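These are the structures in question, set out in turn.
Each of the next two complexes has subunit A plus one more chain, namely subunit B in the first and subunit C in the second.
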Partner chain A sequence: MTETTTTEPWLDSNQKPYIQIVNATKKFGNFTAIDNLSLDIYKNEFFSLLGPSGCGKTTLLRMLAGFERFTEGRVLVDGEDISEIPPHLRPINMMFQSYALFPHLTVEKNIAFGLQQDKLPDNIINQRVEEMLELVELTDFAKRKPRQLSGGQSQRVALARSLAKQPKLLLLDEPLGALDKRLREQTQFELMDIQEKLEVTFVIVTHDQEEAMTVSSRIGVMDSGKLIQVATPTQIYEAPINREVADFIGDVNIFKGIYKGQDEKGTQLLSEDSKSIIYATQKVDVPVGNRIWFALRPEKLEISKKLPEVDCNILKGKIEDIGYGGSFSTYHVKLENGRQLTAIRANRERTAEHHLTWGDEVYLHWVPHSAVVLLS
Partner chain B sequence: MKKFGNFNIAALVIGFSFLYIPIILLILFSFNESRLVTVWGGFSTKWYGELMHNQGIKDAAWVTIKVAFISSTVATLLGTIAGIVMTRFGNFRGRTLFSGMIYAPMVMPEVIIGLSTLLMFVSLAIDRGVLTVTLAHITFSMCYVAVIIQSRMSSYDDSITEAALDLGCTPFRTFMLITFPIILPAIVSGWLLAFTLSLDDLVIASFTSGPGSTTLPIKIYSMVRLGVTPEINAVSTILVGLVTVGVVTASLIGKRQKQQLAQS
Partner chain C sequence: MNIKEIQVPSFLRRAFNGRNAIISIPYLWLLFLFLFPFIIVLKISLAQPVIAMPPYTDLLKWGESWWPTIQASLDSYLFLFSDSLYIHAYLSSLKIAIISTILTLIIGYSIAYSVARAPTRWRGILLMLVILPFWTSFLIRVYAWIGILKTEGLLNLALTTIGIIDKPLIIMNTDLAVYIGIVYSYLPFMILPLYANLEKMDMSLLEAAADLGCRPLKTFWTVTIPLSLPGILAGCFLVFIPVMGEFVIPDLLGGSQTLMIGKVLWGEFFYNRDWPVASAVAIILLAILVVPIMFYQKSQEKAIS
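Then we have the complex of A and B:
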């Protein structure tokens, strides 16, 4: 089969999804953890399920692994319905949040465990274990027991163990949650490299939106057992479909108001905060007078002491708080009506030429193109 | 480390003397040359030699070890199953009742356990003997094993089991290859505890034993009624030694396991 390599298979209607979750529902007693959820994931994708705790993302992952039964619906891998197959017979492996290494077995025996269950000959097992140890750079630690490993090393053993059987699909439950920030960032790139090298489809569960943005081909934002938006990291960040997604992914300033129609500058919103008309380029298709929202990322809000030389989208306020973050600073600006907005500015100048300080009267401004119009 | 104050040292000495002087005296007098128990007549191990010629004590010792071995093994098996089931099934309806019922024999007066098992054997027309003592010992020592296993299982990460299943291991093999080796130390210390409990039980054994199934504690008790002899001291010393070894081993295993858990 000649597969045309496309970086965005979900846009190509000729591409067949590799994992198909069809109308999945999971109930625990009266509680609905997963609510009629459908999702297609393509081969070699690095798909993230992102959501607040209790949103059902881990339950969905456990349903894919076979640890939770479907109340309704089914899941297909490569066209084959695996909903009724018990976990130990599924062509899927999982990396657990706690790593779940077998404490009484050495690193190499941990990695070999899955291969031994398949009754593979010893020389093949040894070779595969060797490869995996090399992949995660733990060759020198082969004879150690899990309790003699650091957190980062344990994480890599868990990864190697789950990849050793060359699964069709690898599930990762908060794989980096237990690592410190520096190690986590480094490991994110390692994960991406490994995923590319081995061409395994990854589905990862995380509550860390930065992590999801960094590693994923696509992100599924979940809440209350439903998928709210499935899109690429850029789309999720730049074009969230509602306030919930906008708020969950990164910081955002939301302007509430009434839709006043379109003109040459774009969509008009009568802001509740400034009592004036503000603009966004994006067009909407709702009746005039409806309640709509503008979402504006803090880095798209320009902050200055001088009145900007533009004809729209200027708000006046006072600096309440400054968070110095080294490469950038975060400013909390209070508008005249008491509403607080967040603006981020890169610290390009080392000197204090453009110095802004507490209590300064400032102007906030954005180009209409930067704002996203939200209908809910 | 903090230095011991005078008061602490005094408290320690008094407390431990209170606990151990009687036992130390017993051990001391088992090495007494004199036949008179309370008069020191010089060091000797002759009473231990005498034991070897006392057929009654040798028979009782054999019965005791046989009963302890079988009952602790069966109790460990049942207690392990109970302990695992109680943790694995999470919160089902009536869970508190069930776990309460497993622990109840620990606080139940031994006289009651002895009496009730005796009544059951009589009503089932089972002749009292080694079998009945063994069954009664299984009944009361099983709960101790269940408690030990349950506390081990409560710190057992279920995802380890799931990881094994996920890697293609069948549920039964997962238990044998993963769960069992991990909780083995707890099982061993449960067995040792059940063994020592059976070894030194007098009350329940005296209700459920019959002719030919006299255990060592019963034998000692009946010998004492005819007067304390240095022979009794000697056999008691051996019993104390056995129990000490059992309990110390069990707690060492437990301690090592805790350290391993803390490290991992």
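Then we have the complex of A and C:
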């Protein structure tokens, strides 16, 4: 018996998906919330569903939990079709956005609630509750009522309660949405540690792209009830498949233009924003003359007052705005045609000898490898 | 023009500022419409009945001396405990109040639950229907029940016509009629606090219970009922307390054997003209009700905190 563990099971055709969503459709009256969506999630994945509000991500999560019925399609967990199983019989637990802690029960009774439904003996329940309290570091708060807890503590109780039954799949609906930024960032890492330790498959819904990038093994970007792209955070960020994804994840500069063919420097684009051809290394397979786009992340745009000593991809502009962010600064540069681009530069020297200030004439430049070519 | 400023003493100014004036309204209300009448009833209960106008002796007797002599007696109270009628009436009222509170709770809870879970656009209409009977006089509604429950009334007519029974049911002038009347009349007082509670219940708690493996019926007992406890208590007290002293319903719908303290009280006042005993009955009734009223206060304080 040899079980190969791989960090990227979705690339390995021998791996069997653990959660299979097959042609799922959900309609509310005339409104299609989920539109013929299929998705495979692998064991021990930390999968994020990311998208703007109203894109259907929460509906999909609720379909997995059993609170919404499939209009069409089905879902398999570990090979078993659970589409028709009511929520209280599914081997899936959910952490609610509002946490939904029972206000009349203490922290330990909240955590024990699910175990009691399984009619487990008391000593096993107690032991399990203790383990969970230790896991989320709330042992001292066992006898408190939910209203005596802070937001961060409530969040951890909700997590402990949803993990207590050792579900095959844990669904998390905006689990960190109610926490402040600092606590959220800290909790992201805790969540990853817990997921790794317990080896539970996580599916998380979030609208916070930074959160999705930090915690996920893979991200599914959703819009209008469809998955637009499913890939690792790096791929989503560095190789988005269209402008929508590029725009939704992080900041991006988009150059619109006409495809002019390939040469030794790469794909040629004639853009309205530059008087010359600009280049990206990535090759495309479309006829010359088609409309294509280059996407360029702000941190890949170099900004300088001196003319860079390169032979392509130079744009001239004027600094309109500077946003000082501590570790980095954001520059808004207005090109000669009035178009505004965003560049980010790390502040590597403490005494701020940037030489760059409002109104400065600057050159923007990027290496062809940094740009992504988009066809839609 | 020279306007001279009027000097108002500071304690008067403090007493008549807007905030105090508004706060004082409920206190004055309680003082004049509750405490004063209560003191009068208490005073009468300590007097002796006489054939006069008013039919009781004065508490204070002004003699030759500068100081009045106090004429108080506990005879009326002692009389209440010497005649078993009164104790029976209290116990019977207690029994009727408890049973009808439970019946009202069961019926009221199911109505409040269905209204709270109805589609939002229906809730207002359904709630209106619950309150609608208040638009008709309470007395007329109780009289209407006579028309329904009497031997040749609507209910018996309907049942015999369908053929469910051959002989008319004797409901009128029994305890059953009293229960029907009380449950009907007090149902809105049970439904409204329960609805207010159930309507704002977080539905995600029920989903969380289901998610953790709890069957729907069990979720009702382990989550819905405990969380609606404040509403249940409020409704039960709002029904129990007035039913304890209820007079009209047992008088109109009940039979001669239906014993309720409200009816006894009425009899003492208007048939026996024994105001001191009647007042003593009222004072004892109040003393009995203070216990549940205090519990109600406590539960309300808890609900607020």
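Everything below uses one rule, namely that the second predicted complex is superposed on the first by the 372 of 376 C-alpha atoms of A that agree within 3 Å, B and C clash if a C-alpha of one lies under 4 Å from a C-alpha of the other, contacts with A are read in each partner's own complex, and residues count from 1 in each chain.
Note that in this section a contact is a pair of C-beta atoms (placed from the backbone, for glycine too) under 8 Å apart; a residue touches a chain by one contact, two chains touch by 3 or more.
Quick caveat: nothing in here was measured; it's all calculated off a predicted structure.
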_After the alignment on subunit A, I want to confirm one thing: do subunit B and subunit C clash, or do they fit together?_
clash
*Give one of first, second, both or neither to describe whether A:A65 is in contact with subunit B, with subunit C, with both, or with none.*
both
_In the overlaid three-chain picture, which partner chain does A:H355 touch, first (subunit B) or second (subunit C), both, or neither?_
neither
_Once chain A of both complexes is superposed, is A:F96 in touch with subunit B (first), subunit C (second), both, or neither?_
both
*Report for A:P146: first if it touches subunit B alone, second if subunit C alone, otherwise both or neither.*
first
*Check whether A:K197 is in contact with subunit B, with subunit C, with both or with neither, and answer first, second, both or neither.*
neither
_So in the superposed three-chain picture, is A:P87 touching just subunit B, just subunit C, both, or none of them (first/second/both/neither)?_
both
*asked:* Quick check on the superposed pair: does A:H104 touch subunit B, subunit C, both, or neither? Answer first, second, both or neither.
replied: both
*Following superposition on chain A, which residues of subunit A contact subunit B and also contact subunit C?*
65-67, 86-89, 92-94, 96, 98, 100-104, 113-114, 117-118, 161-162, 165
*Can you name the residues of subunit C that touch subunit A in the complex?*
202, 204-205, 207-216, 218, 223, 226-227, 229
*Under the touch definition given earlier, write down the residues of subunit A that touch subunit C in their complex.*
65-67, 86-89, 92-94, 96, 98, 100-104, 113-114, 117-118, 161-162, 165
_Of all residues in subunit B, those that touch subunit A in their complex_ = 157, 159-160, 162-171, 173-174, 178, 181-182, 260, 263-264
*asked:* Under the stated contact criterion, what part of subunit A meets subunit B in this complex?
replied: 65-67, 86-90, 92-94, 96-98, 100-104, 113-114, 117-118, 146-147, 161-162, 165
